[in-house]
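After this come two complexes, each holding subunit A, first together with subunit B and then together with subunit C.
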Partner chain A sequence: MVVVTGRLTAKRPHPIAQLLWRRAALGVATLLVVATIVFLATEVLPGNAAYAILGHTASRARVIALEHQLHLNRGIFDQYWIWLTGLLSGRLGDSLANGMPVWGQVEPRLVNSAFLVLVSGAIGTVLGVGLGALAALRKDSFFDHASSVVFLGVAALPTFVVAIALIILLSTLVFHLLPAVSMISPGTYAWSQPRLMVLPVTTLVLIIVPYMQRMTRAAMVEALESDYVEMARLKGLSERRVVLVHALPNAVGPTIQVIGLVFLYLAGGIVVVETVFDFPGIGQGLVNAVADRDLPVIQIIVLILAAFYVVINILTDVIALLATPRRRIAR
Partner chain B sequence: MGEMPTPLAIPLRGIAANPVGFAKAVPGSASTVLEVRGFEVRLGEHGVAIVTDVSFDVAAGEVLGLVGESGSGKTTIALGLLGHSRRGLAIAAGEVRLNGVDLLSIPARQLRNLRGARVAYVPQDPSAALNPALRIGIQLREALSSHQIEARAIEARLADILGEARLEANVLRRYPHQLSGGQQQRVALAMAFSCRPSLIVLDEPTTGLDVTTQRHVLDSVRSLCCLYDVAAVYVSHDLAVVDGLATTVAVMYAGQLIELGPTAEVFSRPGHPYTRSLLDAVPSPERAHVLQGIPGQPPPPGRRPQGCSFSTRCPWVIERCRMEAPTTQSVGNQQVRCHRASELRGSMERKMLVPTVRPVTSKASLLSVEALDAFYGDSQVLFGVDLTVDTDRCLAVVGESGSGKTTLARCIAGLHSNWKGKLRFDGQELARSARQRPSVALRRIQYIFQNPYTSLNPRHTVEQIVSQQLRQFFEIKAHERAERTRAALESVSLNERYLDLFPDELSGGERQRVAIARALVVEPEMLICDEVTSALDVSVQAVIIEMLRSLQQERHLTMIFITHNLALVRSIGQDIIVLRDGRVVDRGPSEAVLDHSDEAYTRQLMADVPRVEL
Partner chain C sequence: MLSRVLGGGWVLLAMAFAATTLGVAVGSAAGIYAAYVRGRIDGLVMRTVDVLLAFPQIIFALLLVSLVGPKLWLIVLAVGISHLPQVARVLRSATLDLSERDFIKVLELQGMRTHRIITKELLPNLVSPLMVEIGIRLTYSIIIISGLSFLGFGPQPPAANWGTMINTNRVAIVANPWGVVVPALLIALLTIGTNTFTDAVARVTIGLERRTEEAALLESAPT
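Showing the complex of A and B:
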């Protein structure tokens, strides 16, 4: 690794290598700060974790014993140090709620949520980008105006309203096609029960598609009305080539940024969706952990979400840079 | 359609150097490639007319110069020659016959096959017209491959065309942003000529290039047109550019062709008052004269008068002009759309006034620059520049793009702070950047930017733009501020109506005048003008230059006038320095330097200036 960077800096660092390095370093720093903030935030929450676990009827002796076990009797810096070194060495500790190892509890939820985010994100991206490009190609047509109105309407709805509306429409009051809750049986992963995935995925897709559609349309319209597209037409290129080779690559940069933002949004959106549908993901896990004052679980889930943000940001920046030669290659 | 001009066959001027091109264009043997008849473009299918009743012919080997101010419809016609109209516009009537085929009535697929192959387009701004996401090689190859040229032939053709356009083979692997403006335009030329079209449409291809690059591009255009015996339509607002290139010139005004004829004859004996006015606006590199701008603006589409559309600005207007729209009439070899054409042709000579320059009163220098080195990051752009600007004088700074002239101006104004050396203004040393300079020093040096389309805040009214300066530098009451704002606008001939307008409601010339008023309102002693007319039409440029000169004389301003056009120096500069690659290579009083410099580079720059030869 050292050899490689040495050779790169000897000439001039490649813009992408440079960006990756800088962002990775910043990302690690960000995660450390987040870890600290999470620790402090959970620390200053009112109340006493030992009481919360044992209940208010617990005897004083039992509380003290538990405090001792959880290092709650130590100073705040000691606690922080113990927690941080544990985190870095992979010892995540046990849940306060049930005494089971934290990772064992979080891991299946993480897999379920990742699956939910990926499937919704993928479907949403394809639909959003496709519909956006289509609207741009048929700018000012009936389709363009109609889709604008519909998508703006949907975009104005909060996530939980969409979720509840879908439940009312598809599983309770109007039709009874799908289960209203998505309780994946313990021990199995989400993909083994696709029927249960339909409503949460649909909700998330409905939430992100309008946004993607608007942004893709704007990027594509800008590219299609540019001088270089006019020039491509005047060169006698086929319309297909004009759109795919000349307009599209220039719309990719801005679109990638939107896709990144949408995935970031999904990481937050799952908290609501998983709660509404009772879907066993980390969003629901987080809500439950907060209710249970299960500090180690809260901390690890928040850190996972933060890491996801950092990684997605780096990825979108790199892809956007790859798609924009003007920024990638110096004069 | 009885008065349609007959195809004009005139020996090529400018191209005459090439015997091949010449031979093919001798009278009688020229074959008509392009015939335009009754061409009309409207805003929407039945909306306001943008361009009406345009007819002309172009023969193989012939270059037609299509000239007019911005908004006259030049680009609309240029695009129409490829059967294309911009969004919102519609080709409403007429024929554009290319080798007998009417491009306006053939199916889209057939039109697409002709575009690029039989008729090619060279855009105005190649930096916007080349796709930023694709390498040059892809963009050049697709022009060939989409027109059924075999893969084997493509590479050979590419090599040929690069050589002809004087481009290195390594441009193929580059992206547009890695090329200079001149290279980009050569790529656009190479692309246009690559399929060996029979008609090529060039839409102001040298606007935005400095004179030297412009000359090289024009040379390429000329030799390529000769080599392939193509018919060319060259659109420009600059008569001087057209003069060296075009056999025939067509002058546009308010969407109509108002004069058409052999270039030599049109320029020496113009038949239309508008053509005369355009010629008077062109600065001459040879002799100083007062540039005659054309007062007023062309009427916009939809508000064109009932009579002759030029009647509102014409010095030779008579009652009939206002009542009755003139039709085209033949006068000699010229087609002129003017009631008085036969009477006026050749008799509109106006006396060229020589600008009066106040004799030098003081020889005190207001600004001195000593050993100025300037840097952008690691690269040095100015090397030991020394100069002084005397009080009350106008120093012209001349050089190609990249010579460092704008950097020099920015250093003096404190807009660029990465420099070493000494700047002294009125005896006081100037701090490196404007932020470190006292308010009074900022007020005394004012800067006018090149592009009035970006230098005015689009969300401020003209009044706010100008009076904001007063707030910045003077503590005066509101009514006095309003008064001074009005006075400053008046000094650039803008009346009170303009106070509440926003920049996008103004023409380019009006914007630049607002920018000048913004500088003048704080009573500066030094005015730095950075290519202030390069984004403007020649006719507007004349107005601005004359305005600046009289303001400089009246107000005893010291001025630094940056330009790449030596002809302008003749009209406004009293002293001159010539910059090349960041070094001063020539200096002196402008007459002496322009007329008999010993410096080869200065003489080369002089030779590069396009001029109207009469």
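Showing the complex of A and C:
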């Protein structure tokens, strides 16, 4: 009997592969809906989009020309179809602000932003997890209480307040150590000028560390107080072995979820940070595009961020699942 | 100068409260109803939540503001809507636990109407997660509204708030540091205050439910 059920389950796809496919399909569906919302949102602009972009003093001829360029003279389904197929085939259109191809100006910004997010996320994760685990191991010590109070305060600060505080402290009023703006020279990427990266990265790290610290501490404390850790202690294992082999692996699952959330948070955080420091990334690109009402650029950047959200979500779910031994078995 | 600073704080707080009320009221109504009736409505609400979550909060607000312009009511509406998915999620999971309890089952068997169960039985038992949500969303509302204003998409001058002040005084930071330092400090004080208050409420309610703080913190992880 056991053998038979074993064979039957073996024929089914692996539960994790199945989950991956389901999540991927759901992600694609979500993106499609997001794309439709973005399209419709730009479509329900009060009044004519061409007038909105050119201003009400524009000549009739210019308005008609722009209407043709944006396909505004066609029906809404035609417009949607042209837009969606263009998106899928990589024809993203031209910027309305300067007439250049959208991808040409979004791509270098995307690379810079990705670098900023990766560096800040990596440093923030190491610091946050380290400090959180340390606080959990020394629960109720002075270090634990002090770090809790400090991080509770820092966690509440808006990103731009942290950025302004760093600028005041390190580059204008108190010390003059670092440049207050991070204008990467055009044609080069962010990693070629590491000095300019310091303040934006520090700001983002300060924003994410409190949250990471708090969640890691919670996960670690829960693991340390669990039955299997008590069992390991009763067996007389060394504290080192108890922490590294028995407690830590069980705190990894929740911590990975938190790392995923932190990266998602960074995707929103770059908008403010890049604007404060004049860092040429997609966050600043979005703010500029919103100020210029540059619809094609707005659409692309919002879609990129939504895609990032979907991918990160799937990744964290799968990794957390693989890292949690008791949830790895098919139910 | 003083009256401008105080006026700016008043506008910011009023907008933040309005956005929080909107987000928590609509979000919790959707979450509680979906969790209690289950079925198709639940599926529909949760898929909507998934889609809305794909927009980072400040980007959702930016998108709406870019389309209609920086109107005061629109910013409140945009920030309120951007709270919906998180609030709905938290209240949904709290209601799912609650609606399996015996006292709800008994009332159902007695034939109590759905909306009466929700308003008279479920809602009073959800006061603590609601309080925590109100605190979290108030802090986020202040952060997002002042952030939008800082980016230059806030309500226009008569209704200028601390974020707008930092934005306009930033170019002259060396000549007149107080124009930046004072509003930045005030925003920091305000958000630290609301966050500490929320933390206190969360700790008190966790104590009432006699669970370890850590377990509750992990479950209430914002998403």
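Rule of thumb we're sticking to: the second predicted complex is superposed on the first by the 308 of 331 C-alpha atoms of A that agree within 3 Å, B and C clash if a C-alpha of one lies under 4 Å from a C-alpha of the other, contacts with A are read in each partner's own complex, and residues count from 1 in each chain.
Rule of thumb we're sticking to: a contact is a pair of C-beta atoms (placed from the backbone, for glycine too) under 8 Å apart; a residue touches a chain by one contact, two chains touch by 3 or more.
Bear in mind that the values here come from a model prediction, so they are computed numbers and not experimental data.
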- prompt: In the superposed arrangement, does A:231 touch subunit B (first), subunit C (second), both or neither?
  reply: first
Query: Looking at the overlay, what does A:324 touch: subunit B (first), subunit C (second), both, or neither?
result: first
Query: Residues of subunit A touched: more by subunit B or subunit C?
result: C
Task: State whether A:282 touches subunit B only (first), subunit C only (second), both chains, or neither.
output: neither
Message: If we overlay the two complexes on their shared chain A, which of subunit B and subunit C does A:300 touch? Say first, second, both or neither.
response: neither
- prompt: What is the contact status of A:196 with respect to subunit B (first) and subunit C (second): first, second, both, or neither?
  reply: neither
- prompt: Does the superposition put A:312 against subunit B (first), subunit C (second), both, or neither?
  reply: neither
- prompt: Which subunit A residues come up in both lists, the one for subunit B and the one for subunit C?
  reply: 225
- request: Name, in rising order, each residue of subunit A that touches subunit C in their complex.
  value: 26, 30-31, 33-34, 37-38, 41-42, 44-46, 152-153, 155-161, 164-165, 167-168, 172-173, 214-215, 217-219, 221-222, 225, 254, 257-258, 261, 264-265, 267-268, 271-272, 275, 286-287, 289-291, 293, 298, 302, 305-306, 309-310
Subunit C residues within the subunit A interface of the complex: 50-51, 53-59, 62-68, 139, 142-143, 146-147, 150-153, 163, 166, 170, 173-174, 177, 180-181, 184, 187-188, 191-192, 194-196, 199, 212-215, 217-218, 221-223
Field: subunit B to subunit A touching residues, read off their complex
entry: 79, 82, 84, 86-87, 112-117, 120-121, 123, 125, 128-134, 138, 142-143, 146-147, 175, 177-178, 191
List of subunit A residues in touch with subunit B within their complex: 225-228, 230-238, 241, 245-246, 249-250, 323-326, 329, 331
